[in-house]
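Only one structure is covered here, and it is reproduced in the block below.
Note that the chains are named A, B, C, D and E in the order they appear, and that numbering of residues resets to 1 at the start of each chain.
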Amino acid sequence: MDIRKIFQQYSDRTSYPEIGEDGKPIIDLSSHKYLKMWQGPQHPGVTGNMSLELTVCGDEIVESKTHVGYLHRGFEKLMERRKFIQCFPTCIRMCVAEPDPNEYLLARCVEELSGIEVPEMAQWLRTLVLEMARLQVLLRGVPGQGGTFALGLGYQWGNYIRDLILDRFEELTGGRVYHMYILPGGVRGLLPDGFKKRMEENLKLADEFVKSIDDLMYSNSVFKQRAKGLAVIPKEYIDKYGVYGPSARAAGVMRDVRKTNPYLKYAELDFEPYTTTESDVYARSRVRWYDLQTTIDLIRQIMAKMPEKGEIKAPTPNVLHWKIPKGETYVKCESSRGEYGMYMVTDGSDMPRRVNLKGPSYTHANMLLEKLLINANIADTAGIMVSLATCPPEIER
Amino acid sequence: MQKIIQDIESRYSVSEKEIRRNNLCFLTIPKNQAISLVTYLRDYQGYSAFTLLTAVDWIEEGHFQLTYLLNNPTNYTEIGVRTMIERDHATMESAHHLWESMQTYQRELKEMFGIDFPGSPRVDEDFILEGWTDIPPYRRDFDTKKYAEETYFPRPGRETNDPAEYMKSKLFPND
Amino acid sequence: MDYSITKFLWTLLGLFIVLNWGMLMSSTMRRIGARVSGRFGIPWYQPWIDLTKLYSLKSQVSHGAMFFLGPVFRLMGGVGIFLFLPIIYGSDHWSNYSFSGDLILILYFQFFGMLGMALGAGEGGHPHSAIGISRGLSQFTTIEVPMTLAVISLAIQYQTLSISDIVAAQQGGFTTWTLWTNPLATAAGMLSLLGAFGHSPFNLVKAPNEIPIGPPTEYHGVFLGVLRTNGAILHVAEAALFMNLFFGGATNWVELIVKTFLIYFWSVFVGTVFPRFRIEQSVRWFLKVPTIIGIIAIIIFL
Amino acid sequence: MEKENKNIPLVKTKTFINPENEKRSVTAPDGSIIEIDPIKDYFCQDRPKEYKVRSGAVEKFLNWARAESLWVLGFGTGCGSIEIPPLVTPRFDMYRYGVQMRPTPRQSNVFIISGYLSVKTLKRAIRSYEQMPSPKYIIALGSCTINGGMYWDSYNTINRLDHYMPVDVYIAGCMPRPEALLAGFAKLKELIKAGKAEKANEYVRNLDWYKANQKKIIKDWNMPDYNW
Amino acid sequence: MSLKDILTPFTAWKRVARTPVTVRDPFNDRPGADRYRGFHKNDVDTCIGCGTCESICENEAIDLVPFKDPVSGDSGLRPRIDYGRCCWCALCVDVCTTNSLTLSNEYTWVATDPEEYRYTPGVDKKSWDENEKGWKKPEGNYEFYDLNRVAMHHLHPEERSDSFIEMVTGYSKEQAMTEADRCVECGICIATCPAHMGIPEYIKAVRNDNMEEGMRVLYETNPLPEICGRICTHKCETVCSIGHKGDPLSIRWLKRYIADQIPSDKYKEILNTNNLEVNDKKVAIIGSGPSGLSAAHYLRLMGYQVTIFEQYAEAGGMMRYGIPEYRLPYDQLDKDINYILSLGVEIKYNTRIGDKITLADLGKKYDAVFAGTGLHLGRGTGIPGSDNEHVYYSTDLLRKITAGEKIEVADSVVVIGGGNVAMDITRSLARLQMKKYGRINIIATSLENEENMPADREEVVEAREEGAIIHPGWAPQSIEIENGVPIGLHVVKCNSLFDETGRFNPQCSMDIKEYWPGKMVVQSIGQGMDMTYLSDEFKENITFGPRGRVQTNEYFQTGVGWFFMGGDIIEGPDVIHGIANGHKAAVGIDRYIQDKLNSKQ
């Protein structure tokens, strides 16, 4: 008798609960077989401020609903009553963890609709800032995957280096979290003296971190047991559910805007995003780990290739009453989570008619997460959420 | 891009087209053809990835603009399908059968703009707001500043002066 | 003075020392863990402040009588182990109430605390408590299996169920420790100890980012203070138990402190660098590796 | 100042109760029909009580213990929560100051309102706050808690936190840096040691005013007035 | 699960021996970066209270609160920041017109009272006021608005030096919109403009390409936009907030641009003056200069029957007879004047008050009289030789040029004076010389040195471009006369003009001498007024101030109730002052008449 088979027989409950005729699971709470359980918003395992309404049977989730809106500030509405320049401080707060793509996208939308060319130097600086932003997110996000499985050590190390990167941001942009660096037409300053040297020191630490996180997490038997085979995203889900960035690349589908629709200076940089096909939590985390290395390498490349001096800002009309002709556009860039896009409609006035931000979390955290959580263990909700890199503020904005 | 647009124009009545970049264009289509075009693009033209669905409130003209933005993951181009729907009792055909992620967008539009998508799953559930009783907040006729000032409590003690007015009142009060 | 009263007072003094050592040990462990992270960590006296604060809080919630009794039962689990454990070998004052069959009783007390917690936390009504308890009970059952196997192996080896006797049998210097005489039982025991201390990868009961924080979710103030008191006692007592069973016991306090520290550090050593198992993985693991080792340990001595 | 605020007229709005929480009769598993009132059954309905301030050296000693053992509720209500991880990680390490994170409100005594509160979060924040045992303290992090900050004209975020929850310490900034938050903790410790951090009792005393303000904006009030 | 996977994680323990990386003293060990955006600082002395910080702030975090009494070019307000709103984006710093607002790199502010978080940087003392680090506007070509004004196209000196055609071509639409775009709409200029024109409003109209709206704004305060758009002394531009960092806005040219865009036949329609009411009250106006026309315009809008008495054959006063055509073409002048006349203003040319009609007659016939008779008499230097008949006054010459009278311009000319009128006559005579002789030989000299010359800078520059020689800093001593004709001017070096008390007291070095030959000498050192129409009975009731100027109340009402005076005779030579006086006098006259009516009833 194969003991393994008996275990599997009892652990495989994919057909559980029964599915009714309307395609929905039959869940009778009064049968005392199921328990309704909320995770979040006050829950350390939930990324950011959102909540999951789980129906569990034992430790297993049979139905899940995500509830968002705890961070809704109505940005898109607020931006409709702000001038273009005033949108910037507002806009960057749409995603707290990685605010720079917001800045870039809004600036790009404005530039594209009003036809402004950005100077060379500013483009390099923008690329640098975007990569630095990716670096600081990944330094938190990569070990954060271990954190969801209670391996907090890597998170501690990563966060320290992230803090150092934030110091570099502070030097360069004047802000620690909200940088307000990219403005329409260009950026707000050149590299300070000695920046490259200090950055290189930090990158060395990051290199060491990459190595040690590999030892700690990816070669960790327990982590492998937890993460491998968990929450597999089949390839056909990529388009159906809208899967972007590292999550799609873990499924073997190349989705990286930096490569497919190069923007800024990415066409001049040499990099190859990593893809794999396992598509489980481990693979997604591993893709991010490779991304981290790519990013470190890219920052080195950028710092080597960028010119020393140059114009940082193209002249713009007076920002106090800048009117942009009627039009609409969609621009996108690659955030650490995937394709990050902004759709802007202008109507010829000095305020945008409509701004819509599309972050990958919008699809990841709603339909995809709900789908992946079914038949998962309660213990894995946090791991799955983090592996999809959900960022609630970009869902509800 | 041009080829696809010509192809679409031969099949659907495109009333307006705007080519923004060589990989992005917007087409305006009558309401009843929109879902058909989206399906066509998805199934026959390779626009299999759905990027976003959003609405724009053209209150002056009395209609909502719905934009379905589709992405072609093989040649990396994007087509925005725009359609205009009546602002009063706004209703649109649901497209949740095309992409799973669509129902989230439709839920959001229902809540934020009040556009109904009959048949879309969970479309009536609260998505972002909770217990909202005012008009849908993303509509242009909803004044968020006024609402905020009436509902929340702005801290008193703020007063400002317009430089021109202030100088006028101080320097030549009799004018 | 009556012997029983002096005995009781000595035991209380022992309990007090163990409590304080337990708290110092926990803060020290946290400081060591913080060092690996690159931090300083809490001050060494932090547990005392926390405890003072917790006892100063008054409860505002009531979930019924069992809710109050939960921490008390839990405390009884910890104190119970201590009470029947000869913590210093050969000392009349510090041998507590150990008797010839104390090993069995202590195994029972190990479970007792968890059961008490189950009763109390279940009354709390919080789903996290319920899930935590169900996890805790199932995990603890499986922890007990290798543990019991190791104890059985020892019992066969030393032909006794008295801890004092087991310690006595090891008093021939370093090499007579069970660690060397019965390494397999030691291995089984130490592996099950990982589960008993509740550090990663077996901290499923409290699991802060899954079911924060398990059974004690609803407990606060004095209740939490009691639970923390218990934690301090329990950790030292369990470590002392293993010290007695496998590491030759202690003949003085210094030895006790060093040995319990090292035994406790073993779980921290593992816990710091491993993530947490899922419950079924944990159960499976305990039923696999330590159990097999334990069975072999028994077979060898049969 | 507190009195002055109370003169602001409050608009009565209809209170909505989630259907799940309405009074209704249900069939029990054994077939009998029972009346349930979830709000009454699930929650406690007593008014909160002020915690007793002892006098003299005892209170001083306890205050010292409270100040040196600040347990922070791990509830990131807004963007400010992005600066909490640096505090618990090596760079700033707030543990060395006796500040620790707790995952459940029952065991916390400091609530960091990290930035703006949307109406939906406010409801949860109030509930979490009320579940915390007294003495409890609120640190308001960032400008949004003072006068609305960035989101002063948003229809979904509150402007002034002190109308809904009693705030002990305010920290200006958007975001305030971790150091500012540490300074906030230092200030809070100072207040507690001086016996001045009595805002939790103030909340109890002015409960009706706070509740009226809260109910004015939380229309879907499907929880009891007092829920500890 | 391999053994390696179990053992490798333990390598993490090697970190236990490392020193913690924690910042030991977080409050002092890690100050903000040099560019950190911390709390606000404001240099209140540099700040002009323009309020651009307030208008760019998306959070309405900035209030302008009074700091001191306003003066020209400084609103006296200073920004007060509400840290319950601020988001430290530093857009206010980048947009600041004077670079006075900066951010320090301090960032810790903990308080128990939320009301504390409103403060006026620079006024309320804070610990970070002396902090030099922090965010400042980035160096380099980083501006939120264009600091350089759109250059106005002038005719080339060679093209213009022999003709009287207008030398300034005016803005094209594109140029005007670009220039208008630079405005930050602070409104500081309004107070400095004597007429208090709604400058930001009409610039906004230019930006929006809404000329009709612009026209309406202009006519609210200024009925002579074409004229003002060309020859206004644009005091507004001296205080323009953009001027602190870059070129001030070309407010004058934008005004001209608006007026130029509207054809004269559209005026009535745009300004809605087709059917003006007429009441039975009559007002007489003496002189059709800017103040007279302005008063006439506003009185007419109020419904009064207005009659202007003009001593010359054409209306316009000094604007026509004092300003050469290349600066103010007559057709543009006529455009403004004709519009005012077309409103129903009656004008009597060649009618000099004091000759046939006396002021007293007017007082009887009309309900009120306004005199804007201006300064059109030349003032002499009084130096030896200045009584020669070939020593001219500039006013006389300019008038003759306008009237088309023949002027015998000599082939070498010396002009005494460094004001705008001196430049006008210099350049006019240069043009005549060019026409007659084909070359220019004209010298202008002034007491003031180069920096302090009263003429507008551009006038001096243009005059030099056209070939005139300008020698500032010389005091005329005597005119050399030979055969009854001047042949030259003796001057000495002038060192300073005013003594310590500020009185006019020129100090000259008599040993540094110069002699400039010239067969024609023109005196242009100021103008005097002709007050002969004021008979003694009036003079009793009218108070005179220093330099013979009449003292009036704020509505330009003299001691004689029905008699109002305004313009250059009150304020000195300046078109825009004249216009402002006329407007205000019109209000005063209206009040006076209404009061009289009310008291009768």
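Definition applied: a contact is a pair of C-beta atoms (placed from the backbone, for glycine too) under 8 Å apart; a residue touches a chain by one contact, two chains touch by 3 or more.
Note that the structure is predicted; figures quoted are calculated from it, not measured.
Participant: Could you name all chains that are in contact with subunit A and with subunit B at the same time?
Facilitator: D, E
Participant: Using the touch definition from the top, list the chains contacting both subunit D and subunit E.
Facilitator: A, B, C
Participant: Which chain, with its centre taken as the mean C-alpha position, is closest to the global C-alpha centre?
Facilitator: The chain sitting closest to the overall C-alpha centre is A.
Participant: If you average the CA atoms of subunit B and of subunit C, how many Å lie between those two points?
Facilitator: Centre-to-centre distance between subunit B and subunit C: 60 Å.
Participant: Averaging only over C-alpha atoms, locate the centres of subunit B and subunit D and give their separation in whole Å.
Facilitator: About 36 Å, centre to centre.
Participant: Could you please state the distance in Å, as a whole number, between where the Cα atoms of subunit A are centred and where those of subunit D are centred?
Facilitator: That gives a centre separation of 30 Å.
Participant: Just how far, in Å, is the C-alpha centre of subunit E from the one of subunit A?
Facilitator: Here subunit A and subunit E have centroids separated by 56 Å.
Participant: Scan subunit C for residues touching two or more other chains and write them down.
Facilitator: Residues 34, 36-40, 208-209, 212, 272-274 of subunit C each touch two or more of the other chains.
Participant: Residue numbers in subunit B touching 2 or more other chains?
Facilitator: In subunit B, 129-130, 137, 142, 144-145, 155 touch at least two other chains.
Participant: Which subunit D residues touch at least two other chains?
Facilitator: Residues 74, 89-93, 96, 103, 120, 146-148, 150, 152-157, 160, 174, 177.
Participant: Give every touching pair of chains, nothing left out.
Facilitator: Once each pair is checked, the touching ones are A-B, A-C, A-D, A-E, B-D, B-E, C-D, C-E, D-E.
Participant: What does subunit D use to touch subunit C in their complex?
Facilitator: That would be residues 44, 48-49, 51-52, 61-62, 65-66, 68-69, 71, 74, 89-90, 93, 95-96, 98, 100, 102-104, 106-107, 109, 133-135, 228 of subunit D.
Participant: Would you mind writing out the residues of subunit B in touch with subunit E in their complex?
Facilitator: Contact set of subunit B toward subunit E: 155, 157-168, 170-172, 174-175.
Participant: Under the definition above, what is the set of subunit B residues touching subunit D in their complex?
Facilitator: 129-134, 137, 142, 144-145, 147-155
Participant: Mind pulling up the subunit A residues that touch subunit B in the complex?
Facilitator: 68-69, 72, 74, 76-78, 80-81, 112, 238-242, 253, 255, 260-261, 327-330, 339, 341, 343, 345, 353-354, 356, 358, 362-363, 366-368, 371, 396
Participant: Considering the complex alone, what residue numbers of subunit D touch subunit B?
Facilitator: So the residues of subunit D touching subunit B come out as 5, 8, 11, 14, 16, 119-120, 123, 146-148, 152-160, 163, 213, 216-220.
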